[in-house]
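So that we are looking at the same thing, I have put the structure below in structure tokens.
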Amino acid sequence: MTDYSVDLVPDLAPSSQYKFATRVLPLLLMALLLLVIPLLEPSRTSLSLLNAVGINIVFALSYNMLLGQAGMLSFGHAVYFGFGGYAAMHAMNWIETASYDGGVWAAFPVFALPLVGFAGGAAAGAVIGWPSCRRAGVPFAMISLGLAELIAAAGLMFVGLFGGEEGITGDRMNGVEAFGLSLGPIGEVYWFIAFWAFAGTALMYAFTRTPLGKLAQAVRDNPERVQFVGYNPNKVRYLVFIAAGGFAGLAGGMSAVNYEIFTPESLSVIPSGLVLLMAYIGGARYFAGPILGAIMLTYMQSNFSDYSEAWLLYLGLLFIGMIMFAPRGLAGLLLSAVSGIQHSLTVKSLLRWGAYCTAGLLVVVGGVTLIELAVRRSNGFGEVFEPFGLHLSPEQVLPWMYGGVLLAAGVGLLTALHKVGEGESK
Amino acid sequence: METVVFALLNGLIYGLLLFMLSSGLTLIFSMMGVLNMAHASFYMLGAYFAFTLGQSTGFWFALFLAPICVGAVGACVERWGLRRIHAGGHVGELLFTFGLAYVIEELVKIIWGKFAVAYEVPAELNFSLFELYGAQYPAYRMFMLLVSITMLAGLWYLLKRTRIGLIIQASLTHPHMVSHLGHNVPRIFMLVFAAGCALAGLSGVIGGNYLVTEPSMAFSIGPIVFVVVVVGGMGSLAGAFVASLLIGFLQTFAISIDANFAEIFSFAGLNPEGDLGRITISSLAPMLPFMLLVLMLMLRPRGLMGEREF
Amino acid sequence: MTAALQLKDVCKSFGPANVIEGVSLEVKRGERHAIIGPNGAGKSTLFNLISGLFPSTSGQILLSGRQICGLKPFEINRLGLSRSFQVSNIFANMSVRENVRCAVLWSLGYGHSFWRNIGNLKEVQRKTAEVLDKVGLSDKADVPAVLLTYADQRTLEIAITIAGGADVILLDEPTAGMSHSETNRAIELIEMASEGKTLLIVEHDMGVVFGLSDRISVLVYGEIIATGTPEEIRGDARVREAYLGDEADFAEVTA
Amino acid sequence: MPKGIVWKISLSAFLLSGSLLSAEAETIKIGYIDPLSGPFGTAGDGGLKHFLHAASEINSSGGMAGMPVEIVGFDNKINPKESLIQLQKAIDQGVRFIAQGNGSSVASALTDAIAKHNKRNPGDELIFLNYAAVDPALTNAKCNYWHFRFDSHVDMKMAGLTDWLRDQKDIKSVYILAQDYSFGRAFTAAAKSMITEKRPDIQIVGTALHPVAKIKDFTPYVQKMINAKADAVLTGNWSTDMSLLVKAANASGHNVPYLTFYGGGLGAPTAMGESALGLVKQITEFHENIETSEKQLARMNGFEDTYHLDMFYQRVYTAMHMLDKAVEAVGSLDIPKIAGELEGMTYESPYGEVTMRAEDHQLLQPLYISTFSDDVERDVENTGFGFKTDALISAAATALPTTCKMRRPS
């Protein structure tokens, strides 16, 4: 056998500079941002939203360990979030009891409850994953859906464990204080969420860099071939499933401390669907994609409903739009925009970008006008749509025509641009 | 005895309604590989269309017109939606229909309002057919039975006796074959999708007034339809039929059993007031299909009568 | 000394169709053994049986004297048997380096570890670089596999196959679809890669087969009709008849 | 870094949304936290409209102690966690009164969170006006000083219903059907114990709990009732479960009274239609055909003309006017004092005197038992059908003992 001594082999690993820029820097930026936010003195609303965002970031990233990394489509990921959350919630109450009566839990800080959540989620993943990870693809998705329905129903049946539909409540201001945080005011809870969101993100990122993480990607790409490099794809899936369950449980634990309540609704198919939307809209192919999705959807969920009661319709349309026109998600869109700016900053490309944006804007404005008019008309108590000081009444024909014309113009422009683009590429 | 007779009768009606709903999905799923999560939304559209059309044309015309309209909507969804993303793989398609279900529900709320609409059984059929053990048996149920059996026969004829049916049958089991035969595959896909949706629409027409026509009707029945298709097996209409009836009977029988776990497992000393002992068989009824789904996928992933695995 | 790979009366049927009918074969340690045969003879099926993708209907398959029938593909792989595929079967969305890296992990004992940073595993890095260098893909290490040219994908296929350091290597038509010059490079690569190993190869290109192999087996309709050195096979009348039915052609292509 | 950019954009959006909507001291803001979208959006939407109408009524007569009232809707998607986020939003926008009604799980999450908030933020307290969450625990084990309930809870309604049942001598057996969750179980338990107490001769021929919103066809349940020869059915079902049950009962020709809490719930009359005539009875504090003053009729007409919806929640007006009275008495937005005023307050509603009992903050009000009928002056949901009063249950009759140990701020 030829002797390949170490010095003869070219060093193929990326330079340490590159490694720093792509791997460490984003995490440092995230940490910095988390540290800077409190300096801006955010309002209570912003803080509670940020806390929700933090929880959802960890949840969505854990979901993407399945969908993006290992290629497993699950409709029941909230189950692990729920089990983790319940574990943490029970532990929180044990801490409270122990703080009066003494016991092992008395020494456990509430700050560390997400670890209990992690254990709960991972344990649930280990039990439920054992049968379900033996299938992949659509059967796996269907099993996850069936199990999610069953467990959601069980959540209402077993009152002792899940507290009925009113759930379990607790008080986070008990036990040992960590880092001098009483966790009473929402500002202190922010630090708790920030810490765990960062820790969760960093750990899940680190996971992608481990042999198991890499193999998960290999299983996603080609499960058959994985068998012929010595790995059992089902076992790889199972291990990733446990890890994903654990991190979902971590998010559940964060949620338990943040809200001081946990209800069986958190186990149901609705949050499972939402986390799927977060990961997919954000961009399941990229590690940071679900982070974007979590931010956007959490914000939409809590704030869009202030502006329009049809926000679920917009969410659905956005989701469909992303699947059809931007399957790489928000992260993909951002990256292609960035690389577009870097590589071909010509007048022509700028014009085309402008045209695309205009067309998109027309479609959105026209569509929104029509939907809002329709909503008001359907409500039927004479409410008028008044965007930007305009006065559009659903009872008149003209506003409908405005909307229709704008939408048609937008769609027309998009079609034309698409044709031009195709013509050029030929 | 009367419990059994009634459970059989009701299970049969419910099962046939499920079969009408899921036969379309079986066709779509087996041929195109699309597990259409919005399938129950087309069922809902069928009921709403029938309600609106029925106001001007009467129920009997709506019975024919509404499924056609639903089929047209389905064709549009396939043509301008699914077809574009077909190349991206089945996960994308699955997610597309998942989003579509959201959108259809919200649109229905805008168009028909958020409350249930007064879609009633037609007066001609609103009488009781016979009385059995003190309970009346409504004529409309017999009508539903009739419609679903007619549909079943029509579908059978279409698949066994017509050219297009043979092509569809061939592509149920060998989806890649058809393109080699020189057939316009996209058009066949569109046709099958539209037909599947129209079948769902038809079940909406006759199920909407039997049950309730309201915006959440799709969401509440959707998952059961998957169960039927998966349990029945890929590419098998007969399997879907058996699975529908199985689930129909299973659910209605379970409801009629009042015993709770504490009674059944009395040897284990379960506390009838405890969480576990308190559970009755009848309260588990709606969960049974999902248990069946999970067990089936784990033990026999090709389903009852499936030609192949997913 | 036990044979590296031994098949005893292996049969495989799909329903009523008997694809492999009682194949017995012995591949000696360090030997380069080719299997040839007309299309549909069952060559790929035979590979799938040996590598554990399909269970055989009856018979025995021994790897270094150890029964491997009924084992899962990954278990067989761990015992030191690795195979390539006729249609490129690579990890399309990962870079070339990552493809090879996945293939070396098990052999270096990293199993399913999730506590180590893969970038810090010097041994893995070195082995990966070594394999890439050996097959000449070093300069394309960071290219996503899906963007490689066809020939490079075939090369990567072989790289993944040999990366784990298996003693017995099964190559399924490694040069299929390659141009003449690409084929020559591939032969070099195969020769180098199989140095000191046992090689079982299915190939259509007779030039490759007769240039490379120590022994050749001819598989026709699920049965081995002859095994021998290239010379013996070239001179075997049954092979000529069964294989092509045209003596002149056969002589020509095997010359 | 793309990550960073989006963070900043969304961050500034957060901050913007906070600053744009900052509170004005002169307005009394009532945060309405209920589902405004999704499957339960209809229920919450209806409640919001009642609050809006009541607020405009108060504003047109000069507001509360001269301060105009504003109702701010927050969509909680009937999710406890989302409700807590919306609660924080409401507090940021200067809301000092929280109104909620749909879902006892949400109510218990809110009452818990509001109590914690008031303890942790003295001087910044909130009052919780619960207009429809009927879990008895909220004014018993879970009661607190800041929570006021304007609806009669499960046990009170059941007490009223069983009082009425005492006089129905022809009912000899009942069947109890409820949804399998805490409300349904509380319903079943209350029904069993109160019937046994008030009419020991009535035989409970069966009880069943079924999962919420999962049953498509209730015929098997109706069949069991027929087999058991029940003279009446008691059900806690609401929404679709209610309408499907009645439809199945009608189809099987099960002509016995259905005694319900929510037979008149939004959407149910339309869905049940003719099938419910003469069968469905409900116990409520209000329906449109109770004899009343011209003023109240004008209010109903006003509401219906504005929102094209039937008036349903009289108690929302009660809550708003009692709050008005309390604020007028205090003269400023001193929340603990306003809560003190509400405690024990009596108020003359169009349907009789009501009292906010001091010991548990539970409103005691007269209840009416009514039947779904086609012989009515005012119909519901344009069906031509409406409710017709059978009996009046006095407020005193619904007053049950409470286990509440109210802790009042010193």
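Here the chain labels run A, B, C and D in written order, and each chain numbers its own residues starting at 1.
Here is the rule we use: a contact is a pair of C-beta atoms (placed from the backbone, for glycine too) under 8 Å apart; a residue touches a chain by one contact, two chains touch by 3 or more.
Keep in mind that what you see is a predicted model, and the values were worked out from it rather than measured.
K.L.:
Among the chains, which is located farthest from chain A on the basis of C-alpha centroids?
P.N.:
Result for max centroid distance from chain A is chain C.
K.L.:
Point out which chain occupies the most central position, where each centre is the mean of Cα atoms.
P.N.:
Chain nearest the overall C-alpha centroid, as shown: A.
K.L.:
Could you give the separation in Å between the centres of chain B and chain C, each centre being the mean of its C-alpha atoms?
P.N.:
Roughly 49 Å separates the two chain centres.
K.L.:
Averaged over CA atoms, how far is the centre of chain C from the centre of chain D? Could you give it in whole Å?
P.N.:
Taking the mean C-alpha position of each chain, the two centres sit 73 Å apart.
K.L.:
Distance-wise, how many Å sit between the C-alpha centres of chain B and chain D, to the nearest whole number?
P.N.:
Result: the chain centres lie 35 Å from each other.
K.L.:
Just give me the whole-number Å value for how far the CA centre of chain A lies from that of chain C.
P.N.:
43
K.L.:
Out of chain B, which residues touch more than one other chain, so two or more?
P.N.:
Residues 109, 283, 286-287.
K.L.:
Quick check: what residues of chain C touch more than one other chain, meaning two or more?
P.N.:
Correct list: empty.
K.L.:
Mind pulling the residue numbers of chain D that touch at least two other chains?
P.N.:
In chain D, residues 41, 45, 180, 211, 214 touch at least two other chains, as defined above.
K.L.:
Please give all chain pairs that are in touch with each other.
P.N.:
Pairs of chains that touch one another: A-B, A-C, A-D, B-D.
K.L.:
In the complex of these two chains, what residues of chain A are touching chain C?
P.N.:
The touching residues are 1-2, 4, 6, 8-14, 19, 206-207, 209-215, 217-218, 220-222, 224-232, 235-236, 239, 243.
K.L.:
Mind listing the chain B positions that touch chain A in their complex?
P.N.:
Residues 35, 81, 84-85, 88, 90-92, 94-96, 98-100, 102-103, 105-107, 109-111, 113, 223, 226-227, 230, 274-276, 279, 283, 286-287, 290-291, 293-294, 297-298, 301, 309-310.
K.L.:
Across the complex, what residues on chain D touch chain A?
P.N.:
1-8, 10-11, 13-15, 17-19, 36-38, 41, 45, 74-75, 77, 79-82, 84-86, 88-89, 91-93, 104-105, 108-109, 112-113, 116, 120, 135, 180-182, 211-212, 214, 306-308
K.L.:
Taking the complex as given, what residues does chain A use to touch chain B?
P.N.:
Interface residues on chain A, with respect to chain B: 73, 131-132, 134-135, 137-139, 141-143, 145-147, 149-150, 153, 157-161, 269, 273, 276, 280, 310, 312-313, 315-317, 319-320, 323-324, 327, 371, 374-375, 378.
K.L.:
Enumerate the contact residues on chain C facing chain A in the complex.
P.N.:
Against chain A, chain C makes touches at 51-53, 72-74, 77-78, 82-83, 85, 89-94, 97-98, 101-103, 105-107, 110-119, 121, 124-126, 128-130, 132-134, 138, 141-142, 160-161, 163-164, 192, 195-196.
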